[in-house]
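In the two assemblies presented below, chain A is common to both, partnered first by chain B and then by chain C.
Coming up: the complex of A and B.
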């Protein structure tokens, strides 16, 4: 305690000017916090969030089909837990024996606490709260199992395990939209957080390979490829996303073969993809520029073909350098999905606007927007944490050196 | 010192090269290297030494003349280039290790990808090679965690892991701290005692004197002098060589 006080004094009140500034800041922060808490606990009426929680989560998805979404959530959580455990079970070759980050355990505990408390705080029905608790247990168990037994997995087995994710994505598509014996749920009934995540994950997954190809195209020796890439990137980056979204609604039907762009939602998702790809290409390009020429030469002199040299030597380094910028792109892509509400899609923001338009919830904008902000913040924080963990796992020595 | 056979491994005739900016870096350079031979190339900065040996594994193209490497005529045919690169290993001044791969993976990458050999077998060979260059205990580390001398020895082992018949060295010790130069030169000297053909660009006079079969002087994109080490350093036939030796000795 004494130690803490001394430290506080050293850090906040070292000089007279420091002390004055600290006092002013502390009182401002306290004022803000008190005001906010007063509002949150006395004035705010959270009923608007409780009553519409399903709407915010999945929009107008038919109630009797919602088990499919629960199933998908369970699958995703199981896969996340297993991936988490597997990463734990396979530390970097130079770190074997070192306990994997201690804060990893802390993360599990924190996550469990949040999962336990949140349904209670939201006053969800016991049935729903129970499901969330079950899912939390599933996550922890899968992580433990994979961490326990994953070390025995051969490299080939690991590669196979990674395939779970693309397969799961396809399974998720089927679960959400129906087909293969499931009742079809048309995209017009999708909404809320589900639509936000669906559109952004679709765009994130597809913009990545497109962006990498564009970045490579921009450095290509073939003039046609180079100028094509430059033209594309500069055109997209020069136009606001909202105009492209409107443009996409009008012309994408002509550009893409019929089967690929049947619905407004998919058209919007493709526009997001093509938009993000241009920015991603620039991020990857900066990464490529950071890899010294000698790397390609060394790979080539060992007999690797140009594509193999790119795949195994140049791109891993370039992407490692570009990782923070790439994740930054993904985060802004996630936030850009709010623009879909302007073309009439009921993703999170669109749903929120319909809720606020309901006379029963008049004047409850503060509560709704705060909830939205928290949801987005949660998703972005997850992306950011994941990327930082990845950065730490990929070696700091793995950065290309200037030599 | 093993004696070179009479079989020609590298035959470069009247090679001329222009860089894209129009600068002519090679002006009719000639060189023949026999199997098992160790040839040292010396010469002032900018004389085209790097450019010349980089044409031997097609890292640089050339416009006039001809180069034959281990019986393969270098041309713009891509298949040719891949074949040559499999026969010729290269060690660079800046090591150019792959920083994102462990030392062991640096060695095994190419044999597994290019020669399609089973990983376990290549790893065994890689361990043996690391042993030979004296850094087996660093196999799990990343290049950034090693000293310059260690990195260069890994780079040599990496080139050897492809089992090349020719090794090219472009100033392998020039970016090393003086105390690390010796460990690398020792590895090279041991190599020279074996079958492998070596072409070494270096300013290390002692290495040239005691290890090379032949020393070559390049100036202004040409091979000016070509002689046995004793003759080269004590009684060169060209004025240009004498001037160069005066500067470095």
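Coming up: the complex of A and C.
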């Protein structure tokens, strides 16, 4: 306590001017906070979020098929828990090998609190709230099991375990869209957070390889390849995303005979992919430029073929340098999906706008936009956290940290 | 201009192709679109998707609204099931392209009918009957005691800048030689915030907009829409030019909804009326209208009882109006121009003969 007071004094009230500035700022901030809290707890009518929570989560997905999304969520959560545990069970140089570091314990407590409180705050039925509680337990159990027994996994087993994610992505696609014996759910009925995550994950996964190839193409000695890459990158970067989205939606219908053009959701996802790939290529190129030429020459003189040298020597260093820029690109890609609402898709922002058009909830814009902001912040924060963890893991100079 | 010309060329080529393709079939109605829709098993309907009272998604994921009910009535009449509709949210810049490229079969998206949109050299649409006569209105506080435009003389009026609304206001006020002070704002939200903040005594916009915004006011009953209508905005469903049989089908399905109201046929009593028509051979008009006798349905390429199906799915025009934008909704618009012609409105179905 005394320590805290001393620190406050040193940081906020060291001189007269500091004290005055601090007082003004603190009172301004607390005024704002009080005003916000008063609005949130007395004036805001949260019914609009409670009643439409399913719409925000999955859009118009048919109710009788929603078990598929629950199954997918359970699979994703189990895989996340297992991955989390395995990472702790197989410490890298930056880890101390502690199975339950303080941050992890904190995360479990926080997640449990959110899982307990959120369904109650949203007035979800007991059946739905129970599912969320079950999913939280599943996460912790998988995390515990993988941490406890994961160390026994052989290196080959570890490589196999990493394959779970791509397989899960394909399984998820089938679960969402149907096929293989499941009832088909037309993409026009996808929406909400699900569509936002689907479109952005699709674009993120595919734009990465395309972007790397474009970056390599731009640095290639073959003129056709080089000029092709330059032309593509400069064309895409020269056009606003919304223009490309409109092109994809409206012109494809004219060019291709009816029925041949892919569904508008996939058209939009591909446009997002090709758009992000051009920017990603430039981020990767900056990484490639940061790797000294000597590295490639050394690798080549050791007898590695050009592709091998790229794969094992140049790209790992280049991507590590470019990682912050790449993740920044991913985060802005996630936020760019809001543009899909302008071409009539019901992703998060589109859902929000149609909810605000319901005469029963007219004028509830503040509540809806605040919810949207929290959801987006959650997704972007997760991406940011993931990238920082990855950066630490890839950092060759990292020392075992204290926690 | 070049774009328009190539597009209309493309459309007419397409139409020529369709006609050639249909020429072989014998008897009945030749409509590529109708057979596409029945073959596909669902109607693709372009809607706005985010417009209070006209089209939006309810908490259970179902589309609702006046424009949506038109889609449902058409789907019920053509396919026998009002749920066999795929809705497509379209913004104002892509709506005509979506219709022209065949992405949607029907545009029921609060679209104002105008010459250039109808003309073959323009957007080349084919408009059905107007389903909502909107127009620019004026909202004032009840306490101000203002009854007409003259009452606004010398007073500040809030208006969104850069819109036709602003120009219409200027035109009407100049015609009647009424001086006023326009307070212009960039967005609709700012405009209404200024009005509620007492910076002006009136705010002007489309009447359906004003009614929608009013429901979100702290005290909606303290504000009143003046009876004056300053512009014509006939909101009308449209199909693409080049398939007259399909356009006729849509036209008469919508007229069917209007005629049903005039004939006193509602969603609740349509079955009873049908039984009555079947039992009583003297009710010639009713029998023809409900498809008990005659071949109106066949002439249009629709089932004989298409009116029954449409009314059962969505209700008659009056019911659709009341439920979505009228007294039974939060918008509480009065019928105004949208009354039946017998009550002095513009809703008028030509005879079903």
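Throughout what follows, the second predicted complex is superposed on the first by the 375 of 403 C-alpha atoms of A that agree within 3 Å, B and C clash if a C-alpha of one lies under 4 Å from a C-alpha of the other, contacts with A are read in each partner's own complex, and residues count from 1 in each chain.
Assume a contact is a pair of C-beta atoms (placed from the backbone, for glycine too) under 8 Å apart; a residue touches a chain by one contact, two chains touch by 3 or more.
Given the structure is predicted, the values throughout are model-derived calculations rather than measurements.
Participant: Between chain B and chain C, pick out the one touching the greater number of residues of chain A.
Facilitator: C
Participant: Answer with first, second, both or neither: which of chain B and chain C does A:170 touch in the superposed model?
Facilitator: neither
Participant: Let me test your reading of the model: by the given contact rule, A:320 touches which partner, first (chain B), second (chain C), both or neither?
Facilitator: first
Participant: Thinking of the overlay built on chain A, is A:360 touched by chain B (first), by chain C (second), by both, or by neither?
Facilitator: Second partner only, chain C.
Participant: Between chain B (first) and chain C (second), which does A:301 come into contact with in this model arrangement: first, second, both, or neither?
Facilitator: first
Participant: Which partner does A:342 contact after superposing on A: first (chain B), second (chain C), both, neither?
Facilitator: Only chain C is touched by A:342; chain B is not.
Participant: On the A-aligned overlay, A:312 touches which partner chain: chain B = first, chain C = second, or both, or neither?
Facilitator: First partner only, chain B.
Participant: Could you pull out which residues of chain A sit against chain B in one structure and against chain C in the other?
Facilitator: None.
Participant: If we count contacts the way the header does, which residues on chain A are in touch with chain C in the complex?
Facilitator: Listed in rising order, the residues of chain A that touch chain C are 51-52, 54-55, 59-63, 186, 188-189, 246, 249-250, 253-254, 258, 264, 342-346, 350-351, 353-360, 362-365.
Participant: Using the touch definition from the top, list the residues of chain C that touch chain A in their complex.
Facilitator: For this pair, the touching residues of chain C are 10, 49-53, 55-62, 64, 86-91, 93-94, 97-98, 100-103, 189, 212-213, 215-217, 329-331.
Participant: In the complex formed with chain A, which residues of chain B make contact?
Facilitator: 57, 59, 82, 85-86, 88-90, 92, 94-100, 102, 109-110, 113-115, 140-145, 158-159, 162, 175
Participant: Would you tell me which residues of chain A are touching chain B in their complex?
Facilitator: For chain A paired with chain B, touching residues are 93-94, 96, 292, 294-295, 297-305, 308, 312-313, 316-317, 320, 394-401, 403.
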